[in-house]
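Heads up, the thing below is written out as structure tokens.
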Amino acid sequence: MSQFVRFTIDGTECMSTRGQYLVDAARDNGVYIPTLCNFPGVKPKGGCRICTVRVNGKLMTACTTPVAEGMSIENEIKDINELRKSIIELLFIEGNHFCPACEKSGNCELQALAYRFRMLVPRYPYQFPVRRVDASHPRIIKEQNRCILCKRCIRAITDETGRSIFAYRRRSARVEVVVDPKLGKQLTEELAQKAMDVCPVGSIIVKEKGFHVPIGERKYDTTPIGSDIENMQITKI
Amino acid sequence: MSKPIVATTSLAGCFGCHMSVLDIDDRILELFELVEFNKSPIDDIKKFTKHCDIGLIEGGCCNSENIHVLKEFREHCRILVSVGECAIMGGLPAMRNGIPIRECFEEAYLNGPTVVANEEGILPNDPELPMLLDRVYPCHEIVKIDYFLPGCPPRADLIWEALVALVTGDEMKLPYEVVKFD
Amino acid sequence: MKTGVRKILEKYGKDKTRLMDILIDVQSEFGFIPREITVQIADDLGMSEVDVDQTISFYHFFSQKPTGKYHIFLNNSAVANMMGRKEVADTFTRELGIKFDEVTSDGLVGLFETSCIGMNDQEPAAIINNHIFTRLTPFRAKEIVRDIKEGKSIEDMFVADYGDGENRSDLIKSVVSNNIRKIGPILERNYKSGQAIEKITQMTPEQVIDEVKKSNMRGRGGAGFPTGLKWEFCRNTKGEKKYIFCNADEGEPGTFKDRVILTERPRLLFEGMVIAGYAVGATEGILYIRHEYKYLQAYLESILEKARESNYLGKNIQGKKGFNFDIRIQFGAGAYVCGEESALIESAEGKRGEPRDRPPFPVEKGYLDMPTVVNNVETLCSVVKVVLNGGDWYKSFGTTESTGTKLLSISGDCKFPGVYEVVWGFSINDILDMVGAHAEDVQAVQVGGPSGAIIAANEFNRILGYEDLATGGSLIIIGKNRDILTNIVLNFTEFFIEESCGSCSTCRIIPTLLHNKLVKILNARGVKQDIDDMIEWGRILKASRCGLGQTAANPILSSIKNFRQLYEEKIQKNKVFDSGFDLSAAVKESCKVTGRVPNI
């Protein structure tokens, strides 16, 4: 069996290594499929649904679906993009996202996606949930108002024996990501920073850090998220 | 032909969005060529004297007065624009949403660090005062809003671009760099 | 307390994949799961506290605070409400002096709500200390409270005679009724257990699969995947161990036929699991049962024990060398989503019941990452008959697309609610006749539970089958005097809100928004835009990971499609915009706090 597979994205012929997830295969072909709960090197968990594409006519999450020979993938099409925009808007109204007062503003992936998809206002009513701020750990603050429940921290951050430091709690709309009372206290400086970096929004903040990049120089101030992939020089195999 | 008429107001906001309007620098002269202002802090007209084409709303609704003014704007303006984060999503004032009203009052008038002298422990209750709402509401969750200009404040270029487009009927171009939520 | 927990942990070999069992035992021994026990479990299993906590807090029947010596879980399904649940609920709260989700100050009684408990044909029903109480009335509720206050045992609180059939047996002793109204090839009385197992010892696994394939049988859980094909996939997947799961987590409101099979034909089911195990090369079977059916535990365990004694389970079954298979029972702890096969596997591994991303499918990577077949109770029972009588015989029942028979759970406004085994191809009209409901008195039929569709009279000629109305078997008959939007649609939407696992953004958020829109319309504040919004927003749920999320808008979408006039009647005709904002309600609290009279 060949190591390579051929497939199409929006009609364009692409090629990639067999078994790669669609987001990665697309990226290698210079195509950006927006993601949010996905993070390089962390096991995917199709939670946010933003990377939804249509594969051979069926809705699939690109972060969890391996590419296969002959796949026909629809990505940059109207209804798919409308769906993604809807999901971004849903995440905005679900929590309390006060961008002007957030340390992550300008470097926030949720905000960046909203910019990319030209969200001016969510079409859904703001829920204004009552959520807490957990500042009980020496190195980090867990700001629940901003948490989008993407599980990135849950999947990426464990202690040296593999125990979870972050975990879901409860279910349904009441679900939240909490920090282990004991392990949270023992969090090293390095892991705390990693947790903050892995968080796509400003829900995990290393204490006494923030606002260190001036407005205008932040990651998404002038360039939309995904443009690095789209502007990549592709060497065709 | 008479010039389009613009009204503006600041509800539960900080006037930062109005400041941003002034930030269009020398284009302000052009603006006054282009439009006529009616009810607005800019010309200090307190009451609507004409039906307006465009109403710019800064701030969300935190009390009954805000609701009243917003509804008045809806009645008198053909197009209503939510300008800035507070109008769009409540903004910083909405950070009180979820905090019990009693706690808000007590913090503001009894226990807060800026309370100077309130020995009798009075919470303002004069019938003339606006009544506080249970939470801060985005404007479009009260009346129909036609356009939204995000930002805290919206960049002056965004406001300018949008206003000119609304007045001239041209398509509203919103360059990536100017549409920001902070 | 510590030693008690240690014993439980040791019973399960300190295996963290058995966390569900550990927690169920702790909950039953201590009445709740105190934090110090959570910490102890975490330490002993090499997990963090939050990791144990995420499983505990996922399931409805695990509690982290005391639930009372007597804990009453009153079912809140739509049919329970149709049958007078409100009066029963009011009696409980009044007599106990507490609200739902509260425990009396003396710690004696806790009162809780719970989603459909599989007793729709005998509502209103409640679970009190794992025992089922059916056909409750305000009078019965009063009696129960009085008995509780007198400290009576549950056994002594039953005033009615035990139910029919095995419900009377020593190991069940329950007031639940089977209400079997129509018997067919699956439920027939003359079944002798073990014959099919003896027969397959003379067949190759491939021959068994071929026979099942020949029958064209499709999974009875609702999705309708061909059973033979599923088995073949699993057989052809390499794995050092393979598993057969029986999905007895029937949580779809209105479904209760699996409960009846578990009560009356458990040997048939176990035999089906053994056959499946032989066919795919699995050595272990796990029967995953919803917690609501815990009252059947001792009975089912005793039947398994007898099967072991007769060598229908165990090693070298019926003398066939290398034919090894055994079954264990895994209980859930209250989560509808665990009826989804990958969520069920996650749950059986001791985790939150969150559906997995597919691919890989369970047949490739299932329980403990091993190839796993998950089949519905009814599917496994049907398989036994296919083995005994052949695939061609099975095909002689039903239609081309939908072969065999189907067990229906029928409830609501009809004379004879209960379980009916019918051949596929029955029309809704036939069913109404069968159950003693006059078509002219019926306003609607909910086919397939909340995730299915609500059908109006003009479609009563439609037939049950994969080619028309596919269903897992739940049918709720809704009479003319019912308010569909309030009694049915609102209730179902609340059900989906409660039962979402919370992992997909779409399913976690949208049902609440739809619910609020519906309430706005019911409160006469709706406009046409609200109906359009609900249709548009409901569609987004199609992007959810599992069937629960994908169908969570069905109560609203299907009622808008088939009963749009009910919505049109309630919206404001003269308005295009209404935010639903209510100034007098919004200023109420602040005026109260400051002590002033609102002036609006």
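Every chain is named by a letter (A, B and C) in the order it is written, and numbering of its residues begins at 1.
One rule holds in what follows: contacts are C-beta pairs under 8 Å (C-beta built on N, C-alpha and C of every residue); 3 or more make two chains touch, one makes a residue touch a chain.
All of these numbers come straight from a predicted model, not from anything done at the bench.
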Greatest separation from subunit C - chain, by CA centre: B
Pair sharing more residue contacts (C-beta pairs) when A-C is set against B-C: A-C
Where subunit A and subunit C are represented by their mean Cα positions, the distance between them in whole Å: 33
Subunit B-subunit C separation of Cα centroids, rounded to whole Å: 50
Multi-chain contact residues (two or more partners), subunit B: 135, 140-141
Junction residues of subunit A, two or more chains touched: 125
Interfacial residue positions of subunit A with respect to subunit B in the complex: 92, 96-102, 105-106, 111, 114-115, 118, 120-121, 125-126, 128-131, 215, 221-224
Interfacial residue positions of subunit C with respect to subunit A in the complex: 46-51, 53-54, 57-58, 335, 352, 357, 359, 497-506, 508-510, 512-513, 516, 537, 540, 542-545
Of all residues in subunit C, those that touch subunit B in their complex: 577, 579, 581, 583, 585-591, 593-600
Subunit A-touching residues of subunit B, taken from the complex the two chains share: 82, 85, 88-92, 94-95, 97-98, 135, 138, 140-141, 147-150, 152, 174, 176-177, 179-182
Complex contact set, residues of subunit A against subunit C: 44-50, 52, 59, 61, 64-66, 83, 86-87, 90-91, 93-94, 124-125, 127, 148-149, 151, 159, 161, 163-175, 178-183
